[in-house]
Amino acid sequence: MSCADLDAGPHPLLERVEVLANDRVGAGVGLLALRAPRVAAAVAPGQFVHLRIATGSDFLLRRPFSVHRAHGETIEILYQVLGRGTRELADRARGDVMDAIGPLGRGWDVPESAGHVLLVAGGLGAAPLGMLAERLAARGVAVSVAQGAPCAERLVARELFESVARRVEVATDDGSAGEPGFVTLVSRRLLETERPDLVCVCGPEPMARAVAAQAAEAGVTCRVSLERLMACGIGACLSCVVTTTGGRKRACVDGPVFDAGEVCWDGAEVPPRH
Amino acid sequence: MSCADLDAGPHPLLERVEVLANDRVGAGVGLLALRAPRVAAAVAPGQFVHLRIATGSDFLLRRPFSVHRAHGETIEILYQVLGRGTRELADRARGDVMDAIGPLGRGWDVPESAGHVLLVAGGLGAAPLGMLAERLAARGVAVSVAQGAPCAERLVARELFESVARRVEVATDDGSAGEPGFVTLVSRRLLETERPDLVCVCGPEPMARAVAAQAAEAGVTCRVSLERLMACGIGACLSCVVTTTGGRKRACVDGPVFDAGEVCWDGAEVPPRH
Amino acid sequence: MEQKFPRVTSADLRVEVAGLRLRNPVMTASGTFASGREYAGFIDLSRLGAVVTKGVSLQAWAGNESPRVAETASGMLNSIGLQNPGVEAFCARDLMWLSGRDVPVVVNVSGHSLEEYVRVVERLESEVAVAAYEVNISCPNVDEGGMAFGTSCAPAAAVTSAVRAATKRPLIVKLSPNVTDISEIARAVEDAGADAVSLVNTLLGMAIDAETRRPKLARVVGGLSGPAIKPVALRMVWQVARAIAVPVIGVGGIMTGEDAVEFLLAGATAVQVGTANFVDPTSTVRVLDGLTEYCARHGVARVSDLVGALEV
Amino acid sequence: MEQKFPRVTSADLRVEVAGLRLRNPVMTASGTFASGREYAGFIDLSRLGAVVTKGVSLQAWAGNESPRVAETASGMLNSIGLQNPGVEAFCARDLMWLSGRDVPVVVNVSGHSLEEYVRVVERLESEVAVAAYEVNISCPNVDEGGMAFGTSCAPAAAVTSAVRAATKRPLIVKLSPNVTDISEIARAVEDAGADAVSLVNTLLGMAIDAETRRPKLARVVGGLSGPAIKPVALRMVWQVARAIAVPVIGVGGIMTGEDAVEFLLAGATAVQVGTANFVDPTSTVRVLDGLTEYCARHGVARVSDLVGALEV
């Protein structure tokens, strides 16, 4: 890798962002709209921002969130309330300011040749796929979506997907919407019936891994967005490494989207939450 | 000291209090009104509450504040913005809740025989004297006040004193109100002209010490309210000790008001702030 | 959301430490709870596993100069210096009061010299209200004795043996975290007859006021406690629990029931709640309630099943 | 409010550490700033006193398994494990890039063995871009070498002597806080030829997820950094500065200019900013600006006048 290579891409920005809206959109899920003109102008689908939710030292680190949508000067973030950071985030109201670093990471990178893309979203994995669905549709690419969640109340961004995709199929663990069971049932079927040129997956790592295997079997290129605990978010600390066939790579700058073929699934994913 | 002795006084309460108002009343000084029915009913002049301003662990400890006034279900606190805790306190708005322990400590203890009391306040030292002035006046005791501050903008609670005291005299360091100079000029004169039966002082420790010396010279009993850094506020941690002729005493339960004669001025006061 | 275990409404919270049978593993940490009297209006003392008293020495100690505390990020420094009225006054006032409270009393013992530790224990032997001793060889706030006994093996073992010879009661030795290898010290006091160890005491720290250019504590250095030190305490409990056979009591930054669970998982048989008492005087019972709730939620039948149950 | 000193608009910020003349005392802490490239879009690197690189070993090291970080109260744990591409790749990529940035480069050196430290330094001797070495004998995250060299005097001195023999360049030795007596180690490395010491590296800690009953780090234990450890770091800097004659570089929880002032007052000649970079990528210059502002406000003509100026 040459120096030029490492310097590639525009440098991420540090931007003071303002809360425009913060609404509950599902069970423990919020949709945050931020005025972030510089990030909004630069962000590509699959990239994320690193948010400083509180300025005290109590919880110190930033929190990474995918940019769900970007329009005009606004970016939207879809978040699930899990721990201290996201609880605090849920308390933010219109007019509050925070700072964000972004846009960060490598996004979905869909080749020009792809005429049909299958998006597979598990739970909050829908977040980084929203903007992708919109942009692909705008560019005339056919989009299909396989979406799963524990229950209907956690099927986020469904309207967005339905408005731009030619087909959206759903599975829920409890059967409260779509098929009862895992999203992998749906993704397997859509891989067969829709014959996409590319699969883009985001969700819990075991699910992403299973979809990657389905895609490999079907001979379809697959990209996965992976989550790792991140301290710096900009490539400096090496806390977010993903083991790949090309060695350990940093999810924050070399990912979060990886080619599924290069990922060594080593079970190092973020532990599941309850 | 017997067990009964140590158990003396009603046990302090842990009360969930609600902000009724929080207004700026001087340079860096705020007046906080709290709905605190149980503390309000029990508090005596000179006692304080130990407030938990934030619930994170960033700054961990409670902050002690004198009860400036109490009426009905409300207590008022006069505070100066100094560090993290008081900055945070200044951000609290109507409807916010916190928890308070109180009422704490031994208050002013004015003997029945006292017909005329001189209050000497330096800066925020006015805080624990407000309620005392009101209650003494209500009980028919003559009240005189010597008040000092760095500048006119820091002469807090002046209207309260003027409404109940028969004489209020003022000094400011910069001469922006009253006499230019220290409050000790005024207290010395009032000690001579008013001939009080008791002097009650609160302010920076060097000032309190000087007034105590003036009172001793004039042969007048003097009580001082002392500040110490306090962790527990209830007598358990021994962080707040004051050296007295009777050994080390805890400012939080044996004080904060002490008989000036028993205080060994050992220079252990809270360092002055800028 | 899935329920791994059958839901139980009340776990068996009893634990045995150093031969002491405790109704639950939540104790107070020495020096943060006085002798309990100040907290008796906030909580029911008889709900606690045990009360550990403030350190007691032979004669009265005056402690250090003020200021004695300073706040730090997620923690505090103290340099109280074991101020206490001496063992005689302690028996007359504190023990007498505590003996009526239906809670086991662990007396925390301090000394400037090996002989002093022994003499304090000798004096306490006749007091029936004493359930156990916790020997503090780890106080960073006194010049002689204190931590000096706790930072190398030989003196730690010597104090332990001497006290051991003076009593048959349960003997807990409280260890200092300010050492290179705490397991080594733990093994030394175990070999010398300790029935349990408690750890950690405070980390030696310092705070400076940049504006006045002076240390925030009159004594310059003091002991760091609170959530800031929890990761260090947890690591040491884990190391020591694997190094010795006698029980470990975990202390350091415990604020919630979940914190207590973490210490149990790391290998502690019981826990002590310290600085948290200053933040919230009901902390001890809050920790206990949180622990009980955790057991119910996770279907833990006996809290002792959590001890050392970390899956590594 | 009163103005004790005449107001000066710009203090002389220069300091000399280990023979290095720095334009100001604010350096980066190893492993938190990579080689600066990631921060170059946020700050002007040439404003810094020095850049200290991530630890470099002879061959590439893969580091530890994930998860490698966990957040704690006012701090974080890491168990990166010195992942680095080896000294050859470091020279080709990082040093080459850094050499054009008008900032002194301090290379942080790691090794599994005494020989490895020496060979890394030998390889770097031919690189003109290297201003100084910082020898890391205090990493808690590797099994061999690392902290094992930094927790007793003899190995600490041996590594220092061996590296000393290999270079005439300024030699800084980075000390571990996980020791009983850090002054003793500092004296040993001073006697063995260190031109300065930096302290502290991270405190060994641990975090547990009570819900999953698993350690939060794959490696179980890791290094604690951030504001939580500042009181311990400050105390150690103060102790070491009084124990040795060579300069001390202070590290641990520095987030603001005021924090840096505290370390200088305690006796540090320069400071390093670590974890703060993750929180705010402009932290280094923010600390520098805060320090400058403090000097102006307090009429400090030379920042070096603050070094050891604590009034005790």
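Order of writing sets the chain letters: A, B, C and D. Residues in each chain are counted from 1.
Operating definition for what follows: a contact is a pair of C-beta atoms (placed from the backbone, for glycine too) under 8 Å apart; a residue touches a chain by one contact, two chains touch by 3 or more.
Note that the structure is a prediction, hence the values are computed from the model and not measured.
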Labels of chains that are neighbours to subunit B and to subunit C: A, D
Graph distance between subunit C and subunit D, where chains that touch are linked: 1
Identity of the chain that, by mean CA position, is farthest from subunit A: B
A-D or B-D, whichever has more C-beta pairs in contact: A-D
Cα-centroid distance, subunit A relative to subunit D, in whole angstrom: 35
Geometric centre distance via CA averages, subunit D-subunit B, whole Å: 46
Approximate Å spacing (C-alpha centroids) for the pair subunit A, subunit B: 56
Gap in Å, rounded to a whole number, between the CA centres of subunit C and subunit A: 46
Residue list for subunit C, restricted to those that touch at least two other chains: 73-75, 212, 214, 226-227
For subunit A, residues that touch 2 or more chains besides their own: 57-59, 274
Chain contact topology (line, ring, star, complete or other): complete
Subunit C residues touching subunit B - in the complex, by the definition given at the top: 31-34, 37-42, 54, 62-63, 65-71, 73-76, 78, 80, 83, 93, 96-97, 209, 211-212, 214, 218, 226-227, 255, 275, 277-282
Subunit B residues touching subunit D - in the complex, by the definition given at the top: 57-58, 150, 274
Touch list for subunit C against partner subunit A, complex: 1, 73-74
Interface residues, subunit A side, partner subunit D - complex: 1, 3, 6-7, 11-12, 14, 52, 57-62, 99, 101, 228-242, 247-248, 253, 266, 268, 270-271, 273-274
Residues of subunit B that touch subunit A when the two form their complex: 56-59
